[in-house]
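Here chain A shows up in two complexes: once beside chain B, once beside chain C.
Take a look at the complex of A and B:
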């Protein structure tokens, strides 16, 4: 029985699932820093095709390359969501025309249901810290990387008034992929939204 | 008017005067009795309740009124009135009394004539005035006595609506006597403050200077009686026939919890803090630099304190040296004993040459005042520090600022995606535009496309060792014109770059002038960008001749190539992901000592604002109040304790509400005031920005 929060990164056969290797440590650091949630000091990598995925209520999936789930992966993802799991998908490309975005959103639509825009006054944005304007922007958006767009909303699939799949075009994977020791150089910790995501996932 | 008629009129007047006198005496008696009951309650500490007191006062009033009326009952009798008039008007010679008996016609006429010649009305009027004037004056005096005297006004007002219980000297009836009520409190401020001892009757809170000796007494014996402040138990001793608690007023607001086995009571301790002295260094007024350490320096400092100053002095520190080698010396330039005065001033003169100052030395001047606080102090106040520097001979005496010219232009290149959108828009509008307009707009897009192409060329070659592509800005030139510019040795011409691009995209291998044989590093590393560069050339050509529809396919190829290049750049060449293990103890600042495991982190403090939390607590108290829960007063007391430090107005309003609740009077006004203070000021915001007003 897992009694502490474990950050699980989803492994999938296609694409580069481990393109943001420092995000787990950084979010673990933020959860430990701001909350009293018991947390395991290192994350785990869990194959989506494995039943181990059901042991973790929160899972993180990212990458740059096209996503194609196997049938087993689709079945597990469907069951993971139905069992109450929370999957956070972040497009590491930050590009609405990118290969990851197109294929990942198609896979989610095929496996669960189409993603919809999440309103910016959703409880997610007040789950721990308050983000009045919805999802915080990333430096990659503001500096013109990717599609030159600042995405106003996140996307989501909701199940029974809770988010089951949260999808981001904002490239938090780039924004948060640095060693947590370097957080001290930031005037404002940009991983605070990660705390909201984790707290929301654990409380809804 | 006959004698009988005049007599009847006199009787009516006397009867009315009698009734008025009875009512006035009754009113007077009622007021005096009620006031006496209040005074008796103040003296004896027992209050019988407003209803009972009113009843007693009414009974007294009725009794007195009835007695007066009974005593003057003969005013309703005509014969008695006639005798009363005969007694006071001898000139009637009993004609009036005789006229009331049956008479013969002749006798009656004679009597009428005698009576008609006599005036008794003035006697009647003066008697009526006398009968009503005296009780009227007495009633007025009683009213003035009860209402006008400050010492009785509040007790009367409070008693008028109070239930049975006790009545304090403040006029507040309190619940029946228990071991926790009424309380008598004696506050002895610390001697240095010079304040007098204060006595409080059954207070909800005790305001006192920090360090004051507070003695609380209550009815009954101390056994099974506890007194605690923040979990710390106080001794409860016996004093005469009462229990007694002695405490020293703490530095921060606290709640004194008194409890017996049957009841509990909270008393809010409201410390008044002795402020530190406020010190101002009047002269010198600002920092300055002296060329030489000569002359006299006039100094002046002022200080004030709430309970009296002990001393004011002027201090200095001289720092000498530079770099990492400094030395310091300090001293006092003047001292003045304030002897407990609330304000004092110190004037002094310092001779700079007596301070043995050298060039580069800095004199730090400040004034320091001590108060007489012997309990938590002494409080020490400091003025601002002035710095007087002695200039070095070799230092600059002026500052030169050279303006920096604006940075060279930030061109703000348009992205390929935006150029495509512009070309598409131009193509949509083309049917409505003249040929000249289409060509002009198309060439403007071509110029931007050329700028972007040069940017791509720069990226390609800068990555191969910092070399520029050699393509410089020649706006509006055709490739042929551009070719006449001979590039410096070692750099590529645009044509060579184009050839490399075409070679990279397999369009014309024979023209790859510089790259015979194996693929060059330029091609190997930059294939997608070279393809983009090539497509941009084609797009630029089409745009230059005003054919945006033909340019668009090339522009899209360029965009796609850029995307591919960027995707290629972002792919990680990775092995195993680094395993970062977060040091939770360090992150949570719980540390680790001598092998002891980190303690679990405590929940963070409530991040909601004080106002929000107080609003919630206030709402909870109101709910309990409406449900008749007696603990509502304690909730309000704790809320008041919380507000004492930073919201004194709120604390006062809540205090008034608690007092009203304790006395059983209407607390609505105080609660409304508290809620308004909790809500804070109304925050109004303009719905339109200022600039919109001009629209």
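Take a look at the complex of A and C:
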């Protein structure tokens, strides 16, 4: 038996942490489909303020609404990152002037350190599939909502040459929010980048 | 012709006369020379030893010598006593020379450092220092005392009263690289992190799909020239099992974690079989026994030459054995990453140290010989060196002395002088001279 990968969605007191309930199943499906990494068939929701968070070194955080962490949430997040956890944050608004982006990046800066642009030749983009141009564009970036921009880079906080916090304005939460069975209607599986994120977290 | 014979005769008479006077002069010198007592049994203190040894070397050694040692004699004086004994003088010693020994071992870890091992009597307080200054004071238990230092300015020194033991490490270890083989997962990920944070250079091949692996570093062929240890995290290294066996037999350290020991080819070198998984004994991690919160595959049916390194609830969790020139360590734990993440404040550091020490214990030690900076090996255990040189301590003998004979060996000088003078006188009278 090898310890399974568990996709954990972070619950936080402020905002709408559960705005993308279909993403975990879709990423779990992609990891199981393309890799031999043992993966638990269903994800878990874990409160950031709870010590349970340390049992899930990969954590996904999203939402539309302003984010304000409690002191306990901040302490746990700081500890989570220091011990080697990987936090993937996706702005469900894909809006750099939006409430989520402003408050979430501010919280990360306050709790850990400011996010910085991740270069598009980072190993993340070759961890499993190769993305020559950096983060794949989503169909939601130009859908008339949000800032109507194609965001060239992801943001990150790094620790000892590895990504500890990965931050996206590209709204992968909308892009990957569909039932996994419907992948067969896509000419190119758009969750492949999700596999890269998981493989990177497990190997770096 | 007659004149020539008389000339020779006169010269001979003169020679006899001069020789007789020379002998008488020598006898006068011997009689006026100061007379020293010769010791039959000499009793000396350690501080008197250098002067006594010099005197005995010039004026003759006594029949037996007894040295009172309250401090350790220098190696030169000790060796001189050994030479004296070999020359026929009985040499013994007594005194309160405390047993004390020190050894320095380099730590087989990338961070380096040294471990000082002190042996002595139980309860003794030994001051430990290096060339720069004091390090610590150790109270010795039945197992002696040990002190680990991150850096050491040699020589290391242990002092107990007047006894001082000195030691340097005979070699220095060159930490090599470690290869991690496993499935991409938290266990492999955090074992690599722990080792890298401890300073080990780590290469890794992490399987993420059939025939697909992620490489960390520049993983190469498994051989002892490249790696000091290989860690098989799980069954992902199955394809290299035969090579791993050869690696261990050639002197490499092989760490079999989780179910890796169950791989058919690795069973022949594993310390035991991999039993049914034991669930964690407790839910929460504690500082005293953190691994009780981890499940593990017990080492069942351990081989005769296997050594249990860690027991849990009556079964073996970690065991090791020698295989050829190398070592194989079987670690039953398969989710040690939880210790790092959920183990509280000390968890991360403890997990890191535990994995680093496991690998160090298994890893091939690459030693390089060093030139010892003028410290003799015997200095590490002064009392042992004295016993090895002079034997065990014995009760002191009563010192006795005698005077050397004044006339005994010199009577022939007078006889020879008289005979020479008589010969000269007879010759002279026979030829008619006065």
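Everything that follows uses one rule, which is that the second predicted complex is superposed on the first by the 198 of 204 C-alpha atoms of A that agree within 3 Å, B and C clash if a C-alpha of one lies under 4 Å from a C-alpha of the other, contacts with A are read in each partner's own complex, and residues count from 1 in each chain.
To be clear about the criterion, a residue touches a chain if its C-beta (ideal position, glycine included) is under 8 Å from a C-beta of that chain, and two chains touch if they have at least 3 such contacts.
In this text, all values refer to a predicted model and were calculated from it rather than measured experimentally.
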Who does A:108 touch here: chain B (first), chain C (second), both, or neither? neither
First (chain B), second (chain C), both or neither: which does A:61 touch? neither
For A:118, select first, second, both or neither according to whether it touches chain B, chain C, the two together, or no partner. neither
May I ask you to decide whether A:203 touches chain B, chain C, both, or neither, giving the answer as first, second, both or neither? second
Does chain B (first) or chain C (second) touch A:166, or do both, or does neither? neither
Under the stated touch criterion, which partner chain does A:83 make contact with: chain B (first), chain C (second), both, or neither? second
Could you tell me if A:180 is touching chain B, chain C, both of them or neither one (first, second, both, neither)? first
Figure out whether A:49 sits in contact with chain B (first) or chain C (second), or with both, or with neither. neither
Classify the contacts of A:99 with the two partner chains as first (chain B alone), second (chain C alone), both, or neither. first
Counting contacts the way the document defines them, which residues of chain A are shared by the two interfaces, the one with chain B and the one with chain C? 34-36
Given the complex, residues on chain A that touch chain C span 1-5, 34-38, 51, 54-55, 57, 82-85, 127-128, 160, 199, 202-204
With touch defined as at the start, can you tell me which chain C residues reach chain A in the complex? 182-190, 193, 196-197, 204, 206-210, 212, 214, 216, 234-235, 258-259, 277, 334-335, 337-338, 340-342, 347-348
Touch list for chain B against partner chain A, complex: 415, 417, 563, 567, 570-572, 574, 577-584, 587-588, 600-604
In their shared complex, at which residues does chain A touch chain B? 16, 18-19, 21-22, 24-25, 28-29, 32-36, 39, 41-42, 45, 64-65, 92-93, 95, 97-99, 144, 147-148, 179-180
